[in-house]
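A, B, C and D are the chain letters, set down in written order, and residue numbers restart from 1 in every chain.
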Amino acid sequence: TLMESTTIIENKIQELLKNFEFVRQSTEHICSFLEIEDYVVQPIADVSPPKWHLGHTTWFFETFILIPNLKGYKVFDPKYNYVFNSYYETVGARVIRTDRGNLSRPSVSEIYSYRHYVDEHMRLLFKDVSAQSELKDILELGIHHEQQHQELLYMDIKYILGHNPLFPVYSDKKVFDEIIREQVKELSFSEGVFEIGFQGEGFCFDNELGRHQVYLDAFEIDPYPVSNKEYLEFMEDGGYENFRFWHAAGWDWVNSNNVKAPLYWYFIDGQWMVFGLNGLKEMEGKQAVCHVNYYEAAAFAAWKGMELPTEAQWEIASKSLEWGHRWEWTQSAYLPYPRFKKAPGAIGEYNGKFMVDQMVLRGASVATSKGHSRNTYRNFFKSHQRWQFSGIRLVKSLT
Amino acid sequence: TLMESTTIIENKIQELLKNFEFVRQSTEHICSFLEIEDYVVQPIADVSPPKWHLGHTTWFFETFILIPNLKGYKVFDPKYNYVFNSYYETVGARVIRTDRGNLSRPSVSEIYSYRHYVDEHMRLLFKDVSAQSELKDILELGIHHEQQHQELLYMDIKYILGHNPLFPVYSDKKVFDEIIREQVKELSFSEGVFEIGFQGEGFCFDNELGRHQVYLDAFEIDPYPVSNKEYLEFMEDGGYENFRFWHAAGWDWVNSNNVKAPLYWYFIDGQWMVFGLNGLKEMEGKQAVCHVNYYEAAAFAAWKGMELPTEAQWEIASKSLEWGHRWEWTQSAYLPYPRFKKAPGAIGEYNGKFMVDQMVLRGASVATSKGHSRNTYRNFFKSHQRWQFSGIRLVKSLT
Amino acid sequence: TLMESTTIIENKIQELLKNFEFVRQSTEHICSFLEIEDYVVQPIADVSPPKWHLGHTTWFFETFILIPNLKGYKVFDPKYNYVFNSYYETVGARVIRTDRGNLSRPSVSEIYSYRHYVDEHMRLLFKDVSAQSELKDILELGIHHEQQHQELLYMDIKYILGHNPLFPVYSDKKVFDEIIREQVKELSFSEGVFEIGFQGEGFCFDNELGRHQVYLDAFEIDPYPVSNKEYLEFMEDGGYENFRFWHAAGWDWVNSNNVKAPLYWYFIDGQWMVFGLNGLKEMEGKQAVCHVNYYEAAAFAAWKGMELPTEAQWEIASKSLEWGHRWEWTQSAYLPYPRFKKAPGAIGEYNGKFMVDQMVLRGASVATSKGHSRNTYRNFFKSHQRWQFSGIRLVKSLT
Amino acid sequence: TLMESTTIIENKIQELLKNFEFVRQSTEHICSFLEIEDYVVQPIADVSPPKWHLGHTTWFFETFILIPNLKGYKVFDPKYNYVFNSYYETVGARVIRTDRGNLSRPSVSEIYSYRHYVDEHMRLLFKDVSAQSELKDILELGIHHEQQHQELLYMDIKYILGHNPLFPVYSDKKVFDEIIREQVKELSFSEGVFEIGFQGEGFCFDNELGRHQVYLDAFEIDPYPVSNKEYLEFMEDGGYENFRFWHAAGWDWVNSNNVKAPLYWYFIDGQWMVFGLNGLKEMEGKQAVCHVNYYEAAAFAAWKGMELPTEAQWEIASKSLEWGHRWEWTQSAYLPYPRFKKAPGAIGEYNGKFMVDQMVLRGASVATSKGHSRNTYRNFFKSHQRWQFSGIRLVKSLT
């Protein structure tokens, strides 16, 4: 009945509002370990200043929920749209991305005020039950959007601290739970037609929709991601010096950047050290290798005589895999699923316009927010990028 | 029997040798319309000087056939390996690509001497029947390699002349046969499991092998490529001014390059003119649009509410399509087919190492050499490139 | 007698130590108006983060005075040499200049601790009377060095705030005393041999030494620098659109950067606004024009049918000029005076190695520290730079 | 009387016309050693394709003499103005400099036709005695302009051949007369007021005018330029590895370009070889060092404990010097002489607009056209440039 479904939606909204409070708080918790100065810098274009993430996630709620829906809402500062719009052409001009680290203002404390101002007004808006049901989707998207930026915060903070000559420690306490590789047999899958893509209740991004059939040949897949120790064997076998394992573009990248190891690995006094949020530590062989790009993942697979999985292979096998500690490079380019449709308006710019020149990563990482992972999730980065928490999974064709 | 199969191979070799002579001659015919000066320049990194193509295709036969197989063969000039190696790491150092247009020597006439010297020695080598059977594959590859460079010659010559302020005419005679779009119904295909990839006798590149099954949803496909007239409608409807049709990377490309039309279109005195090998001519609406990149193809499809085909859709439908006049952008990234294996040695560098960050084009173009097209052929370029003879085919999902 | 001269030196040292305390305090006063975030950013390579200036001036005293002279001195942090060395090859490796704004650490508060630690040890060292006389010169240089960085702090802070879309105010109180142009006659000087260069007691930089004779033709010079109003006339007369007034390099600069006005001028709602440390204000016609580069200064002079002074003309005329509000571009390149000698060791890197590809500016500006200006002072910047407080003085040849 | 002076001018014109014929022919003689391909390429932005020089010098006569003065003159090709204008804003749009090597057309033979067409019309024009006297200056300038481009032709041809991996030989015959250093005493000059700048009959460029007085301290000057042997001692003493000898900008240049020797020096099989127009030859110690830039010249002088001359020192001493084999770097920036005035119109763009960010070279080189050198000639290049025939002269201050 209508009444029942209204109740369901109301419950859903109540749950979302709880999530909203939790997610907004979690973001601030992540930043609570920072010095003010750490919020400001942008050492490379890919990395955004933490204070920008704090403002941008807030701007998302202000722009897409408060302004169109809360009567009489007064924007916190009319210039913030220019500062905190990421890439929405629909919503007007914006600071060019590479300038984000040139802005000392708004200050960190002004941005926290902005957050709390918007949070207050969100609570106000959602007291009004009548408007709620139609805002469910955008509220949910806003929450997931902020969770994505939580992972970006970890990535960017790690980059900022890990490229400082003083190697500052983010926290002395354990930040992430790591997995330890065990020796297990590879899993086999027979050929056939399978279905992939999201279905069912719950949230997903538009790029996961269009559940569809795919034909797969038989394959074997490793239940664990590749470990640091295995990757070190590749390095010690001359992996970075032998063009045969590399794509032409990857080989250029290795040579123009004089790459010898994954990001954050430093060879100091005869020992491989790895920078993490606890500071510079000895490399641990049993942990999953992290911060490699697609070129490195593919070169490693070539050296091993194996392959990276396609995203369909990964998704079909996922139930049997140990996953969630590294975003795993697939051998699939980021392209629309059959029947993919952009949403109308600014939200249509969320995913679709990036579906070119990038590769899909599947799984999730230690830095992914709780409740933000699904086995249909399609993450994507450029082949050369490696500041995300990315690792390697191997497959072998059985035909 | 062994004897029969020897005869078959001998016949095959004889046929290849005839092709060899024909292809070598055709390359020189393409260049016979040039001034010496036209052989030398390299206006952008993508374009190679015609004289480089003449030398490089010759170097291929010298390096991979004569040197390892013709006893007592003396290389024409030991420095040519450095000048004419394109990208084979296996074969040693080489002039960096962007320097090709900085080399006035070897002169055009020296390169023709080089060609004829190598041709002579090829004939000498293949008089010796005993060595032939094992050279069949590499000879065939060398011929197809030179055919690929014949199309590149047309592309590069067109670029060189078409970007000269004097707009020089390559030839006054008709160079290419164009197709004229007719009004016909779209073709429908039902969903199901199909097979794609090369099979059977005859030549193919390694990237077409690994015939395999794919699942396709039902779709409709246009029997003709998009015409200039249709593309002009997109332009006149503000196609290049509306970010909504474009990938983010495409929109950046449009704006940083101030793009308003396909390559070689010039708006002069209130009229769209198009540069071709016959010089600057009025745009012909019924011809297939040419020299658009992936961003433009995808934006056009988005404007039309349709899509680009995947390479599987294209291949399955190909028998019913009017194709061969434009390389048609597909919505498939250039990635290895299942069970793709690189050949050992330098030949393994032919295709595999480029399987990243590029898109597949299917079909063939007016500039493709006769006998060099197949419906399994996988051509590939970067999303932003458009100096190849590329066009647009549209599909629509039926589910 | 020896004793007398010892007393003189002691008095000099006591005076210097007072200056030291005053200068160290003044630097911190300049920064006291900043938010923590303002200390961190580096919007262009020329600009250094304010916290870097705080550390670098301190590092100068630590490196050149404390380490070699204070027995048992323990450096504050051994990694700071890498972070705060500006350009002294003699003193080892350093953060590349463009990375200064990528470093969130050391934090502002750590750098203040560093300052106070070094100040304490400076006081300790100078309690020991015996070591003092030989440290006089380097102490004096360190003080003047910090004064130079005080002006750089004003320049860099202005750039940081003035390029922020929020246009933050540095202070609501008056920061600088401006001069108002008066209508006065030009001053005439007859031809002859004159002497320029520093002489006498007191401090000067090595580049002012080598007092020497120069021959000057007769000339007239304007007692006042060019005003905003005069510069606006140039702008309104199409100064930025007419190549005839510009050097070829200047014309390129105008066009590649689409320049229309001096730095910090913004045309808003039909009105020229100028950003200053008090925020965005209406342009004041009577003030001296500021933040123009050599190309602009020379173009303005050409438009006016006059010239920029040589540094000799400027120095000879200086006693009769109203100067000290703008660094005034001269028509002299920054080259060594006759008999210029580099000091041995690291201090030799202070000035000499920059004597190429730059122009001399004479005078001083509103942002120059009290006691840091002399009429023999040779400041220098590249022709295209204009974030310093630079203006224009005009001369006319009388022959 | 008027009649006498008319006769003088007529004689002058007759002499100029003879020069015109000679200079036009000499340019073609320089190019007669080239292959067609050598006329086309532009390996770096500084170098222009030889065919461009052929066209540009012709365009100068067509644009500044024929078009405004020869009634009914029909331009050879209206598009050539766009192709062959070098930098004259007054005369309209032009091919950007870096694109000169991208143009295969006009062909070499078309450009020779252009030359001969213009030469014919020049002869026609100057048959008409009445128009001659007012064209004397521009005719003379055009001749000197072409002589400047003759030296540029040598520079650019040397660069093109000397950067080709085949090291092609321009000519087997001797091209230039080299000087051999002799051991002689340095020359002394006393302090005093001297005059520099052009005076008297004959041609000079506008930048030499404004003869004026300068005061010079006493100095010693080496009668010979520095030899290869002396420069090699600098190299072997670690000259390129010791920052102390270098300007900061020079040290950056050395390190970013990994410079170890002058341009065209190649260390092959344990031996320094030098590329010249006769091909690659053993370095000859007694010849004057060539192809060094200002940074290298200044570093050599610093290593030697001496200095580069100012242009006034050079000019005053010139009568006693062995000069004319190398353009000699001075320690003077290229700035206007007192009372320098730009000519009105396009000719005013000839010199004045380059008077910034460059250094003066004095003398002449083996590649300078006969009759084109004067001891008041002010040549100029950027500090980092060294493809001109530049060398080093040393002075020492005597005060």
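Criterion: contacts are C-beta pairs under 8 Å (C-beta built on N, C-alpha and C of every residue); 3 or more make two chains touch, one makes a residue touch a chain.
Predicted, not measured: the structure shown is a model, and the values here were computed from it.
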{"item": "Shared chain contacts [chain B and chain C, defined touch]", "value": "A, D"}
{"item": "Chain B and chain A - chains in contact with each", "value": "none"}
{"item": "Most remote chain, CA-based centroid, reference being chain C", "value": "B"}
{"item": "Chain centre separation in whole Å, for chain D relative to chain C (CA means)", "value": "37"}
{"item": "Gap in Å, rounded to a whole number, between the CA centres of chain C and chain A", "value": "46"}
{"item": "Whole-Å gap separating chain A and chain D, where each centre is the average of the chain's CA atoms", "value": "59"}
{"item": "Touching chain combinations (by label order)", "value": "A-B, A-C, B-D, C-D"}
{"item": "Residues of chain A defined as touching chain B within the complex", "value": "87, 89, 191, 193, 212-215, 217, 243-244, 246-251, 294-295, 298, 307, 331-333, 335-336, 338-339, 348, 353-357, 383, 397, 399"}
{"item": "Residues of chain B defined as touching chain D within the complex", "value": "35-43, 51, 79, 82-83, 95, 99, 101-108, 160-161, 163-166, 168"}
